[in-house]
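Note sheet for the following structure.
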Amino acid sequence: MKERTVWEQIADQLRSRSIWMLHYCTGCGAMELPPTMTARFDMERFGIMPMATPRQADILLITGYLNTKTLRRVIYTYEQMADPKYVIGFGSCTINGGIYYDSYSTINRLDYYIPVDVYIAGCMPRPEAILEAFQYLMEKIRKGEADGWKRYKENYEWYKQNQIRSLGEVYVHDEFHE
Amino acid sequence: MTGVYKAIFNLAIAFFFVLTLEGIGRKITARVQRRIGPPWYQSFIDVFKALSKHPFSNGWIFDFGVLMALGGAIATAAIVPMGSTFWTPFPNTDNFFVIMYLFAVGALGMAMGMVGSGNPWASIGVTRALTQMLGYELPYLIVLASMMFYYKTASIHLLIEKQAGGWNLLVMPIGAIVAFISLLGMLGKKPFDIAIAPAEIASGPMVELSGKYLGLLHIMHVFSIFVEITLFVDVFLGGGNFWWFLLKFLIVWILAVLISSVLPRFRIEQMLKFYWGVPLGLAFLNAFFVLMGWTL
Amino acid sequence: MAITLISILALSVAVYFISKLSWKVGAVINALAGAYLMIYLFTLKVGSSEVLGTLFGEKLLLTYTNASFYFSFVSMLVILAVMVFAIKWLDSQKYPSAFNMFLLMMTAASLGVFFAGDLLTLYIFWEIAVLSSMLIVPMGKKEARRAAIIYAVMSATGTYMYLYASFMIYSRYGNFNLAEVAKDLANDPSMPFKVTVYLLLAAAGIAKSGIFPLHTWLRIAHGNAPDAFSAVLSGQLVKLGSYVLMLVTAFFPTLKMFQGLELYSKIPSPNYFLLALGATSIIVGTLMAIKQDDMKMLIAFSSVANGGYILVGIATMDAIGFEGGILHVFNHALAAAIIFMAFASVVYRTHTTKISEMGGLIHKMPITFISYLFAIISLAGIPPMSGFISKWMIYQALVRKGMFVTAFIAFFGSIGSFLYVFRPLAGVFLGQLPKKYKDVKEVPAIMWIPMVTLVAISFIMGVWPFPILKPIEAMRADFAISPSVKIADASNWLVRGVTGSWNPVIVFNLFIIGFAIAYLLYTLFPKPKKVDLLAPHKEEGAPINIYTGGEYIYTPDLYQYNTKMYAGFERMYEKHPSWEKVLDMLCKFFHDLGQLVHGWFFRPSPSAYAFWTVMTLLIVFWVRW
Amino acid sequence: MVYWISIILMGIGIYGLLTQKNLFKQLISLAIIDTAVNVFIIAAGYVEGGKAPIYTKALPSFLKGAFVDPLPQALVLTAIVIGVGVLALGAALLVRVKEKHKNLDVENMKGVGE
Amino acid sequence: MMTLAIAIPLIAAFLAAIRKSWGYILYAIAAILNFILSLSLIGAVPSIHALGGWKPPFGINLVLDNASFYAILFINAIFLIVAVFPDIIGKYATVMLVLMAAVNGFVLTGDLFNSFVFMEIISAAAVIIASKRENYYSAFKYLIFAGIAGSLYLIAVIFVYTQTGSLNMAQAAYFSFSQKSLVAITTLFLIGLGVEAKLFPLNGWVMGVYGGNDLAPVILSTAVTFSAMYMMGRLMITIFGGGVLQVLYVLALITMLAGELAALYQKNLLKTLAYSSIGQAGLVLAVLSKGKEPFTSLAYFQLMNEVTAKLVLFLVAGYLVYKYTNLNGIFKSHKVLGTAFSIASFSLVGFPLFAGFQSKLRIIMEAFKGGDYLLPALLLLATLIELTYLIRWNVRLWFEDQVEEGEKGSWRHGFVAIALAIFLVVIFFFPNIYLAPASKMADAITSVSGYINIVTSGLGGM
């Protein structure tokens, strides 16, 4: 790992204090986010805020399971985010496919397709776990260890291969989209 | 030459003070909602973090628009008098209309750049912002026009001097109330954050902004807030010396934040109907009172 | 003057035959003639006067005043630009020879209107200008044929009222001479006569400059005329109307004429009536412009609104308001000319005027875009372009006079203008480029040079407005409009109003500094990565690079927001009463009346003829006995 | 008395023009009006108890002045000629009208638009 | 010598009736001779010619004063212009010759009954001309109308005779009628002449006749209208001064508006122009009915302008309407005709640079001077309507997408039309070409004593 310059260290400090989050939700995972945001747990006190578009976001929160159809969107969204960007895999679905692991269309392991910085285990993880994960991510950022975005750049070919293997072609191109 | 120094001071105050206030505002909102909220310096972190990221640019008009927006906002913030004749950078040029329209340069730049990003959400947001402008500007301008008629001047620092006997808030309270309601719209605070409704149109004009573009526009927004509230403080609260000015600024800001933290969002035509209803009527009532000489 | 005008009129006929050989040569001759006229304006001495000829025993007088200079200068600026523009643009037109001829003819006639020293000369040149311009209009789109008729009729409505009033004046004072008439009117004891004459004379200006009851021709005529000619229509011809309105409100001593009729704030009620019409046209123009999908019609309605501004400014009977109104003539002329030329360039390449069919042209036609951008900044009245100064002056006057309702309308129009000028900006130039325009190119230099020149002039006048304010101040001195404040204070770099002043140079510098600071900040932080907008032309299957909520969109037209942009606002007045419909009803009424006459008297069988003969016999006997 | 005849004839003529749908009947009505006018002219020149205005050498001198005015009669001759001409022209036209429009009834004529 | 003006065409007509194939040539010769003759008459003004040596007020006499001189000059000039077009005249040369004789006679005659005879001949000839191109029904309607009018005219003549004991016009002018009989006489004359002069509501025939073929409007709307207007002035002003002039004024104003309104509604080019000529006739009559100078001269000035413009319009329209079925954009193929048409129509409207401007503005000006505010207002309203449909036609004929392939045009039409159109422009710059004759005509018409003097003393002519 390259040594960070002073500016980068300062920047990492700032980045760890201001985490703007884009959450990809399939349903059950998103259930746990409102309590995290609202008065009970209040994630804004750590500078974490939900954002509307990938352009503005720093982290991509993947809650719940992915399938071949949604994975395209996730990859696409991830690529639209500005560097540096981080990914949190939320719940066991992103780790091993969760309860739908044996479905023909379920993506079992997110890590093959985009680099994940932090996983949150559980089905479902409690808000405390989410906050814990954020704290952990902040720590990693501060240390400069949250380098998923760099890994993605370096190993782009590998990620691409995985994506193509699973999806056939990453960007949809058929008669409906012309 | 002193004008230039004062202008630079203006900008510095605008940047640091308003960013601080933003943090305070978020804190207050959090407290209203029984949360703890971020620290007061959170906005600084946000701005500089945004600036530190590696952004995407959607073409030269996108860049140009952002620069024009910030440039316009800086130019406007530089000529606004801060509460007293002494803190007036350019006493010959602090005409109200000049400020209002110079302010529009920034808005236009932002609108152009954001629509230049090619994203329809941005266009929708901008059209909403423009429509909203149609709503809040009219009552505001009528109140200001009646004030200029009353004092026979449009120069802000002269207006401040004329209030030595009593604040306009007390001289024409109706006008002040209308202006404050318009101010809420200008600030884009909660019942009137139609343009950047994040849940509806993916934060509207800002949809394509990443990294430093977001940061620069945030700074522009900061200057805009400074101009808007400063105008209100100068024209209605009698300005005052530097510290008084800051205090009044703070109070106005907190009031706006408090109101916005408990209200939901209007729909666009609801907003128009609202502004063209009671506030506009009151503005005309105020103008009528001024014409008749019935001021307090 | 007389010889120049007549020779230019004669030259215009010659140009037709030259253009028949080669229309390019004709267009160049046109441009040279325009340039000559432009220079000629500066060689003329203010106050000189000449006799054009004699008609009905009255001398036709040409007088060169400050107002003549100012208005002809503005006109020539616009016309010259369009003439140069047309050298290349004409190759997209069907009737280049006739266009050249009528354009030059119209130029000479308009100058004649501005030079006219008496009512009759004005009328003659006015009709020539109307006729020649009316014959250019139908060369445009299909709808333009109807437009020409409507234009002719509306214009004639005003003109004939003017004519009627002119002869009323003549039969009373035995004089057509403007200066004499002004004196006579000031001393005339009969108030009804003065009011009638005033309103009837103003009718010509109202019809021509598209003020409220007679504004509907602007939409259809400007919207469908040949594209470059719309620039002349909106930038120059409409100003003929403003000139007449200026004559009747400011040149004629209305304050003295209508003493005792003051309605509000020392404005006599006839003037106030005009002012109300102006204000109405601001509202109508703005609201209608906001909902247009055709970009030329949009700016046509904006011309209605701006004509209203000019009238409001002039009719305030206030020094600064008057100057504001007159300066707005210049500003709007330039802005409208640039905008229409930019649109002509766009149409030249894309062959459509529908906003909803375009988008993203900025990447293909950047210079056109820049011209349009600066023009709308001027049109919306934003510093540092010149458009702000005139609006500022008009506001000053309105505020000083305590005319809050009018001020409200002026503000409404001003903010409304942000809305409507943004619509073509976003819909035509910004956003996604539809596939069919992937091969569009920037227009040739001969077309963009005039636009850019006008932009430069407007810009310079915005930063340093004193040269253009000088003739206006002179005009105000001629008409002795009070209060006599010094508005243009060039030594202190200030533009002064009654309620304050501002320094355009400082404002401009501040803006430059602000922009520099912004640029500094911009370069300090990480370099951006350039992404394409939706780029369907690059390679098939490439991903879109703008945020689409994770969706894949390959058809850029679908990702362009340019229809019903202000749907929320438009919905509030979608059931508005339509003046066009009222006028249509009027037309229908006359038409039906014709049908009635036709059916009753002209079509029937011999029996009916016999009946009418007998009836006439009986009626005449009855009447006479 | 003769005037009355003229007026009645004229009334008949006008009534015919007003009421008849058939073009030929209208033409006849016109002819009746013509006749009415002619009668009127004769009546105008009539002198009560006057003799025929035939001027011979044998005419006694006391009869001078008791002539019926001869000029109107001369006029009537001309008028009749003209009337006949017009009538003939009208009749000729009606033949063509009938050929072209298949009918002489105003309401049933074909191809009479506008 | 005046008699020749009637005699030449009549002789030619007899010859033409004998040898049909000579018709056109005879017509052309007669038209040229007549025009030269009427030019040469200038030396003979003022004079009268007593037919058969019967001195007025006993016999029929022809009167040549300024009014009738310029009228026949103008009328013969029109006949001469029409002579350029053998294709328009076609088989109708004989009738045209009769018409020429009748119109000349109508203008020249100084005898009331004689004028009635000529009027009937004009009507008969006009009816035959109107029946060209199988336009029988309209011709028949015209016949009925003319018949009724002729009867009324005749009754009026007889009235005059019973009052004055003479048929001589000068005698009638000299005689002072009682007010009631004056009214009765003028009313009957008004209606009798009103049919030819296109007075409302006696102008129903116009649409069918003018709109039915190419010959009728060209000659009827010009020469015949001119003679009718001349006679209107002669009878209503010179001979029966006063009388029903006010009624005429009102009817004329209604005529003007009704004609223009109906033209606005009309969709057919020839019929539109027919209505337009009704409107213009209304204007001329309205001005004429003022009964005094300078209105009379302006009325004739306007009439001359209108007739010239109408000649161009009807020539072009008649030519095009029967050549093409769809006229859209047809001027693209007939540029010269189109230019002439446009110039004539602009002149009709009264745009500056064209003749109509001179006359219309003068009328407005004089009306104002005379304190009449109604006429200018209605005139301008009518002009507005006129402008609407003329511009509509111009735009349609020039700019609409061409449907039919254009054919090669006739040079005769092009030449004559453009020459007349340029003449209209010339008149704008030198209005005296028309205004001087018009004012001389008006002088002669308004001067009652002058007319009586000519007839009673000026027995010089042949």
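We just call them A, B, C, D and E in the order they show up, numbering each chain from 1.
Convention: a contact is a pair of C-beta atoms (placed from the backbone, for glycine too) under 8 Å apart; a residue touches a chain by one contact, two chains touch by 3 or more.
These numbers were taken from a predicted model, which means no experiment stands behind them.
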Give me the chains shared as neighbours by subunit A and subunit D.
C
By CA centroid distance, what chain is farthest from subunit D?
A
Determine the chain that sits nearest the middle of the structure, using the mean of its CA atoms as its centre.
C
Between B-C and A-B, more C-beta pairs in contact link B-C
Sort the other chains by how far their Cα centres are from that of subunit E and give me the top one.
A
Measure off the straight-line distance from the CA centroid of subunit D to the CA centroid of subunit E, and report it in whole Å.
28
How far is the middle of subunit A from the middle of subunit E, if each middle is the mean of its Cα atoms, in Å?
96
Can you give the whole-Å distance between the Cα centres of subunit B and subunit E?
78
Using mean C-alpha positions as chain centres, tell me how far subunit A is from subunit C in Å, no decimals.
57
For subunit B, residues that touch 2 or more chains besides their own
52-56, 202, 207-208, 211
Check each residue of subunit E and list the ones that touch at least two other chains.
140, 144, 148, 207
Where in subunit C do residues touch at least two different other chains?
545, 547, 603, 605-606, 610
Run through the chains and report each pair that touches.
A-B, A-C, B-C, C-D, C-E, D-E
For subunit D, which residues count as touching subunit E in their complex?
17, 23, 26-27, 30, 33-34, 36-37, 40-41, 44, 71-72, 75, 78-79, 82, 85-86, 89-90, 93-94, 96-97, 100-101, 109, 112, 114
Please output the residues of subunit A touching subunit B within their complex, sorted ascending.
7, 11, 14-15, 17-18, 38-39, 42, 44-47, 50-53, 55-56, 58, 80-84
Which residues of subunit B touch subunit A once you look at their complex with the stated criterion?
26, 30, 33-39, 42, 45-46, 48-49, 52-56, 198-199, 202-203, 206-211, 214
Provide the residue numbers of subunit C that touch subunit B in the complex, in ascending order.
360, 362-363, 369, 373, 377, 380-383, 388, 391-392, 395-396, 398-400, 402, 404-405, 407-408, 411-412, 415-416, 418-419, 422, 425-426, 430-432, 492, 494, 497-503, 506-507, 510-519, 521-522, 524-531, 533-534, 545-547, 549, 559-562, 565-566, 568-569, 571-572
Under the stated contact criterion, what part of subunit E meets subunit C in this complex?
140-141, 144-145, 148-149, 152, 180, 183-184, 187-188, 190-191, 194, 200-207, 244, 247, 251, 258, 261-266, 275, 346, 351-353, 357, 361-362, 364-365, 368-369, 371, 373, 376-377, 380-381, 383-385, 387-388, 391-392, 395-396, 398-401
